[in-house]
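Common to both upcoming complexes is chain A, partnered first by chain B, then by chain C.
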Partner chain A sequence: MPPYVVKDKCDGCKGKEEPLCEQICIGDLMTLNPDTGKAYCRSLRDCWDCMSCTKICPKGAIEQRIPYQLGYHGAKLIPMMGTDSITWTCVDINGKVERFSFRTRNKK
Partner chain B sequence: MTQKIPKSLNDIPTEVIETDLLIIGGGNSGCFVAIEAKEKNPKLDVTIMEKAHIDRSGALAAGMDAINTYIGEGETPETIVAWSRAQVGGGPLREDLALSNARILNQCVESLEKWGVPFNKDEKGRYKKRGRFDVSIRGEQLKPIIAEKTKSYQPRILNRVAATNLLKDGDRVIGATGFGIRDGKFYVVKAKATVVSTGGAAGLYRSATNDGTTSHHQMWMNPFNVGSGYAMGIRAGAEFTLMEQRWCATRVKDFCGPVDTISVGYKAKMINAKGELILQTRYGHLGGDTAPRYIRANAPMGEWSEGRGPTFVDTRHLSPDQVKDLKIDYLNERPTYVLFLAARGQDPAKEPLEIYGSDPYIVGGHTASGYWVDVDRMATLPGLFAAGECAGGMPNKFVGGCAAEGVLAARGTVKYISGMGHGNLDQNQVAAEKERIFSPLLRGATMEAKYTVPAGQDPRSQYDGVTPEEMEERLQRLMDEYAGGVGQFFKCNEEQLDYALKHISLMKNQINKLFATGLHDLVLVHDVIDRLDVAEVVAMHLKERKESRWPGWQTRTDYPEVNPKLDCFINSRKNLKTGELEMLKRPYEQVLPGDRTKAPSPIPLSAEKA
Partner chain C sequence: MSDEGKIGVYLCACEGEIEKVIALDSLVREASAWPGVTTVRKDSSLCSERGIRTIREEVKKLGLDRVLIAACSASLKMKEFSDLGINKYLVERVNIREQCSRVHSDNPENATKKAGAMLGIFLEKARRSKALEPVTVPAVKTALVVGGGVAGINAALDIAGTDAEVFLVEKKPVLGGNVAEFHRYFPRMCPPSCGLELLLSRIESAPRIHVLTSSEISALSGSPGNFSVTIKAASTGVTNLNEQDRVSTVKAGAVILATGWEPYDPTPLTEYGYGRLDHVITNVEFEKRARERKEFLREVRSTAFIQCVGSRDERHLPYCSDVCCMVSIKQALSLKEADSEHDVRIFYNDIRTPGEYEELYRQARKSGITFIKGIPSELRQEAPGKIAVSVFDTVAGRRTENTVDRVVLATGMRSSQGNSGLNAKIGIVLNKNNFIESHLQCHPQDTQRAGIFSAGCCRAPMDVSRSIESAGSAAIKALQFLKGEITVSPDYPVVNILKCDHCKRCMEECPFKAYSLDEKQFPKVDITKCRACGICMGSCPLGAVSLGELSIEQLSGMLDVLDKSYLGDDEPVILGFLCKNDAYRAADDAGLKGVSYPPNLISIMVPCSGAVNGMIISEAISKGVDGILIAGCPDDQCHYVQGSALAKTRLADVSNKLKEMYIEPERVRFVNISRDETEKFAETVKEYVAELKKLGRNPLRIQ
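Take a look at the complex of A and B:
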C-alpha cells in the first residue's frame, strides 16, 4: 500500500533536519534524496498504509495508492487536517467523489 | 539524513544512560507505564526506548474506531472476565491478572476522553456501545493524544532507537541495549527496573495478500511490530506462556483489515458463496452466533477449505447513511480500506464485502501469549516487567486493557525500585552485544562486489550474502506451509512442525551471512533475527499442545480433539546453560465460579463479533 511523493509538490521540508514524513514514518521508510532534496519511500513493498506521512505532509505531496494487485488504478483518498477535525475526500475509479468530515479531538 | 557507515566496531560510539525505569516500546501501554510511573513518583527518572517515533508508533499508528473493552452499566469486572473466558472457550487464562486489569479498566478508558479523544455518545450521554463491551470512538488522533500526554511528564524519549537485548546481573534484568537508527550509536541503558511493552509479533507468517511486490505488508497488525519484546526475553531465559495461542482472525479479503467494524458495528452476518448464514448453518452445534471467538474467526477459512468460498459479511441491508458512517469508522482506524473500496468501485450497500483469514499473529493483547508474569506484572526474571501485548496469560485486553496493563506494570516497577540500586554491568555481555548488533553492518561495509548488477536492480545483489528480506520471506513461507498458516487453513501436524523447526535452525545457522548496507537495513536484519527466535518458540509450543483446543488459533490434524489433560498453561523457557528450550506445564486456577465456556447472561446478539 505504498505512498508516492508528487515531485512537483514536495519541497523536502526545507530548513528542517529531517522532513516531517521521515520523522513520523512508523517503518523508517520515508527519507530524503539528498540529490533532489525531495522525499521518497525507500521500500514501497514495506509500507503498512497507516497514512501518517500523508496526514503530516504540509504540502499535500503524498498520495497513497492501493497496490494494483489488489485494487484498480485511479482511486484517491486525500486528508485535510484541521486542528481538531479532519476532512477526507475520496474519489473512486468511476470518478464518484465522497467527502467525510469529523472531529478528531474534543474542544478544549 | 546522510549516514556514515562505520568500518570497524571502534568507529561506533557508545552512549551509556542511567535511569530508574526503562520502558522498551512507547506504544499505547508503554506510554501508560510512563504516565503512571511519573504520577506515582514525579522524581523518577523514566526513559522510553522507541523504535519509531512515539507520536505515531505501535498498533495505534493508523488510528482506532472503538475501545473493545469498557465496563458499561449493568456489567462488572467479574462479568467482563467471565465473558473473556468464554471467548477463549473457557481458557485456560490467568483470571487473577484479568480481574486486576478489569478493576482499573474504566479509569484508563475514561482518561483517554479527558485527554481529548472524542467518544461517540448515546441519547443519554453515555459512551455509545458497539457491542456488549465495546464503545465507539473517533480515534484518528488517539496515539498523538496519548503521546502528548506522555511528553507533558517529560520522560527521556529515545525515538528511533531499536532495542536489541536485556542486560543482566545474575538473574536480575538491569536495563537493555539498542542501536540508534538515525545516529548509529550503540545504546547501553542501565535501569533499576525495565518494562517490555513492545508490540506483539507480526510477519512470522506469510500474509494471504502478500504478492512479494508492493503489497508485502498488506496485513492487519502493524508489520513493524516484529516480536522483539518477546525475542529479548526468550534469549534472556524468561518464561513464556501460551505461545501456541495464535491470533488468526477473520479480515476483509485482499486488504486484511479489521472486520468487527462491519460485523459488530453494523450487524452484518457472515455468508458463504451460496448465501447461507455460515455460523447458523454450519456452526449451530458450537453456538452459532455466540460461538467462541476462535470458532467465528475460523469459519470463513472452513468454508473455503470445503469449497463454499468466497465468503462475505453481508452489508446489503445498510442505508446510504450507514455506509457513510461505516466509512468514517474505517477512516478512523484503517483509512485505506475506504481507498480500497474506491479502487474496486464497490458500494457495500449493493455488494457484500469479502472476508478471509488473516495470517497468524502472536499478540498477547488479543490472545494470551506472552511473558509469564505475577500480579505486579513482573516476569520470571527480577527487575523485568511486561505490559500490553507482551504480558501473557490474559486474552482480550485490546486498547483499554493494554493501557490498564501499563498502569499495573508501572505500579509494580515503582514498588520494586523503592530502595533498589543499579545492578553491575557485565562488560563482556556489553562488548559481545555491540558486536552482535553491528557485525551485519560491518560485513555490508567491507564486502567486495562479486556479481554484476543490471541497472535498476537492488545493488545488494552484487554481494555474496543474504539480505534480511530474503530470510524474512523464507521464514514466512516456511511458517505458512508448515506451522499452520492461512495457506494451510491454520492446520498443522507433528511432522510439519518438525520440518519447520529444522528449517528455522538452518536459517539460524546462516545469521552470519546476513548483511546490512545502512542503518535501515540493520533494523531489518535484527527484525528477522528476532522473528526467528519467536517463530521457533511458537512452533515448539504448537508441538507441545497435542490436541486441538482452539480450532483455527491452534489446530492439530493429528490430535483433532480437546485433551482434558492439557487444560493447563503450556510454558517454555530457554535454559541458558544448554541453549535448549525447556517446555513445562502450569495449572489453570479458576477464580470465578461457574461454567467456564459460558458468559453470564444476558448476551445480546449485538455483542457478537465475527
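Take a look at the complex of A and C:
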C-alpha cells in the first residue's frame, strides 16, 4: 500500500528542488508537486512499501498503510529515527501496541 | 563507549559549599572505576591558584588527554579553566554547584545521585570531544562605506585614521548628504559650512580615502574580510550620450551602510494642504530656504509650526522621528533672532527634548514663542498670504483660531529609499519600519550579515551628533575585520558529507545565510559569517551537522550512558536543553534566588534552543528518557532571530510522532525562559515532574 503524505505536515523540505523522500526512494516514485510545494507519490502501484520515505521525513508527514498480507485494516507500523537507533511501533488490528528499538548501522 | 583515553576527573568542594550537599568521596570512588579515567581527585578549591597548578601538573605528568571539571557553572570561571596546559575544547565542565548542590540541598542523597549521573554523561561528552584551534582567514584591509552623508564621512575618516583603505560611495554627485543643505545645526546653532566643510577637506586630503560619487553599489558577494562589491557609476550623460554605466568591483573587508534618510512627504496628509495652500512648507524646505537667503527669516510676520507631521501615526510613520521637536525649536529661535517681534506658535502633541536639549526648549519658552498643545485638524486659506489654523487647545480646554502668514510642517524622517533595494542587493534584513537593524539593544551597529554594519539614520532616526557617534561605533566594529586577518573561534558547524543528503534545510534555516554549496553540491559554512548558533545542527534531518563544541555524536553518546533510573525506577528523568544566553543562566541563578526544583532534571547547555535536533529528541525518548524540556529565549529576544521559534516547530513534529506511537505527546515540552525568569523555570520543572509522575514511566524505558 503506497505512502500517504499528510499535506499539513509536509513542508516540501522548504520547497527545494529535491525533497528527502524523493532522494531516498529507491523506485524514484516520490516527488514534489510544483504547484502545492508538497511531496506526493507519482505512481502508487509501483511502491514496494519499503518505508524509506516514512523513516526519513523530518516532519513525520508520510504515513504508510501496511500491505494486507502483513496486517489488515487498522494495523499500523510507525518508525521513529534516532541518530544511531530506530524505534518501531507496531499496532495490530486489535489495537495491541508493541514497540521495538534497534541500533542502526549509521556510523557515529 | 570506548575505554581508551587518559581522563582526569577533578571534583571541587568549593570550600565546602558543594561537599556540604554532595558526597564527593563516594563520587570519587565511583568515577575511579570508570574506564578511561586515569585520575580522580577532590580539591577544596579548584579555581584557586593551587588548584589550577595541581591540574596543570597532573596534565603534564600523567599525559592526560581530557579533563573533566565538576565544579561551578561553565558560564563562570571561564578564564581560570581555559589554560590548563591542554586544548580548552578537551576540558569539560560539569555544573554540580549551580544546578545540583545549590538547588537540591534539601535532599543530599538525590543530589549525589544526580551529580553521579551528570558526571557520567559529561565524561562521555569529554571522551568524544576534539581538540580545536581558532582558524585565521586572510582579509583585505579595505572598508567600503556606502553613503556620503555626515555618518558616512565620519565613518570613513575614523577608519582611514588607521592603516586601512576606504572607498566612500555616494549616489549623488557631491558629498555631504542631507545636512549639507541645512541652515543651522542644533544645539550650538553653527552652520554646516563650519563643521561639514572641515570634514570634507579632511576627506580630500586623506590619502587612503577614495571617493566615488554618482555611484551606487549593485551587488555584494564573498565573505566578511573578503567581500567583493560591484559599484555602478551613473553616466554623466553630458560628455558622451552613448556612455554606458561604468561598473567596477572593489574588494572590501567590511562594509558600513550609511544610506541615510529622506524627509517624509506630507502630501498624503491632505488636511495640511501641502502643495495646495500657499506658504505651507516642510521643515526641510525651511532649512534650505533659510540657507539660500537670509531675508527668508524676515519675510513674514507670523509662523506656525505643526509637530509630528506623519510621525507617531499608524497610517504614516509609526515611530517618533526623534529630531523634529528640536528642529522646530531651532527654526523658531532663528526667526526670533532675526526679528524678536515675529509671532511664532508651535502646535505639538508632546515636546521631546531629551538630555541637554531641554536647554533649547527653555530658551524658546523665554524668547516668547507660544507653545500650544494640540494638533490642528485642518488648515484653510483665509486670505491670500493668510492661513487659518484652527486647533483644540487641550491645555486651555477650548478651541483657538490662529491666523498666520506661514506654516512649517515638522515632517518626520524615513529610511532612505535605498534601504529597500539593499535588501535584495546584499541580503540585508530591515525591520518593520524599514530601518536596518539586527538586535537594537545588544548590537545596534550590526546588521544580520557579519562584516556589514550600519551607521546614521539608516539605522534609526537620529540627529547629527548621534549620527557621528553611530559612525564611530560602526567604524570600530568594522576595524575588527580590517586587521589583515580574521580569527574565527572553532565553534562553527561542520557538515558530515557522508551523511548529508543535499536537502539544503540548513541553508534555508540559517538566520545569517552563512551557507553556500561547495563544488560537490554539499552545504559548506562560511566560517566568517557564522555566529555558531547551531540552528543548522538542529535543522538537519539526518543529523549530519555538528558544532565544534557540541556534536550530534556527543549528544547521542550522552543519551546512551545516561542512567535513566538514577533516582530509582519510579522517578521520571527529564533531560533539559537550555539556551546558553538565557535559560541556562536563569537556571544557574536558582540557588542564589532561593528557589529549588526537583533533581529529576539534568540539563545540557546549548548555544541556542534552535540547535536541538529532532532526531536527538526522538532518540532520547527511544532510549528511555521520560521527558524532554527545551528552554529558549522569548521569541522576540532570541539572539539568533528565529532559534526559539524553530525549536518549537521541531518539538511539535516529535510530539505528533509520539502521538502516532501511542506515547504521550506531553513527554516533550518547550518553554520560553528569559534571563531573569528563574522562578518560572523552577516552577516549570516542578510542574513537569508532577505531570510526568502522573503519566508514569516512558514505555520505552528499559528497567
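Quick notes
One rule holds in what follows: the second predicted complex is superposed on the first by the 99 of 108 C-alpha atoms of A that agree within 3 Å, B and C clash if a C-alpha of one lies under 4 Å from a C-alpha of the other, contacts with A are read in each partner's own complex, and residues count from 1 in each chain.
Heads up, the rule we're going with is that a contact is a pair of C-beta atoms (placed from the backbone, for glycine too) under 8 Å apart; a residue touches a chain by one contact, two chains touch by 3 or more.
Keep in mind that what you see is a predicted model, and the values were worked out from it rather than measured.
Once the two complexes are overlaid through chain A, chain B and chain C fit side by side, free of any clash as defined at the top of the document. Residue contacts after overlaying the shared chain place A:105 against chain B, while chain C stays out of touching range.
In the superposed model, A:20 makes contact with chain C only, not with chain B.
Within the superposed three-chain model, A:33 lies out of touch with both chain B and chain C [touch as defined at top].
After superposing the two complexes on chain A, the angle subtended at the C-alpha centre of chain A by the centres of chain B and chain C comes to 130 degrees, rounded to the nearest 10. Of the two partners chain B and chain C, it is B that touches the larger number of chain A residues.
With both structures placed on the common chain, the touch criterion links A:91 to chain B and to chain C.
Between chain B and chain C, the shortest distance over C-alpha atoms in the superposed arrangement works out to 5 Å.
Shared interface residues of chain A (contacting chain B in one complex, chain C in the other): 18, 23-24, 76, 86, 91, 106, 108.
Against chain A, the residues of chain C that register as touching in their complex are 498-499, 501-505, 508-509, 541-543, 552-553, 555-557, 559, 613-616, 618-619, 621-623, 653-654, 656-657, 660-663, 699-700.
Residue ranges of chain B in contact with chain A, taken from their complex: 1-2, 52-53, 55-58, 61-62, 113, 116-118, 138, 140-141, 145, 160, 181-182, 209, 211-219, 222-224, 254-255, 324, 327-328, 331-332, 334-336, 338-345, 520, 523.
Interface residues of chain A, counted against chain B in their complex, comprise 1-2, 17-18, 23-29, 31-32, 34, 42, 44-52, 64, 66-77, 79, 86, 88, 90-94, 96, 98, 100, 102-106, 108.
Note for the complex: chain A touches chain C at residues 9, 13-14, 16, 18-20, 23-24, 56-60, 76, 78, 80-87, 89, 91, 97, 99, 101, 106-108.
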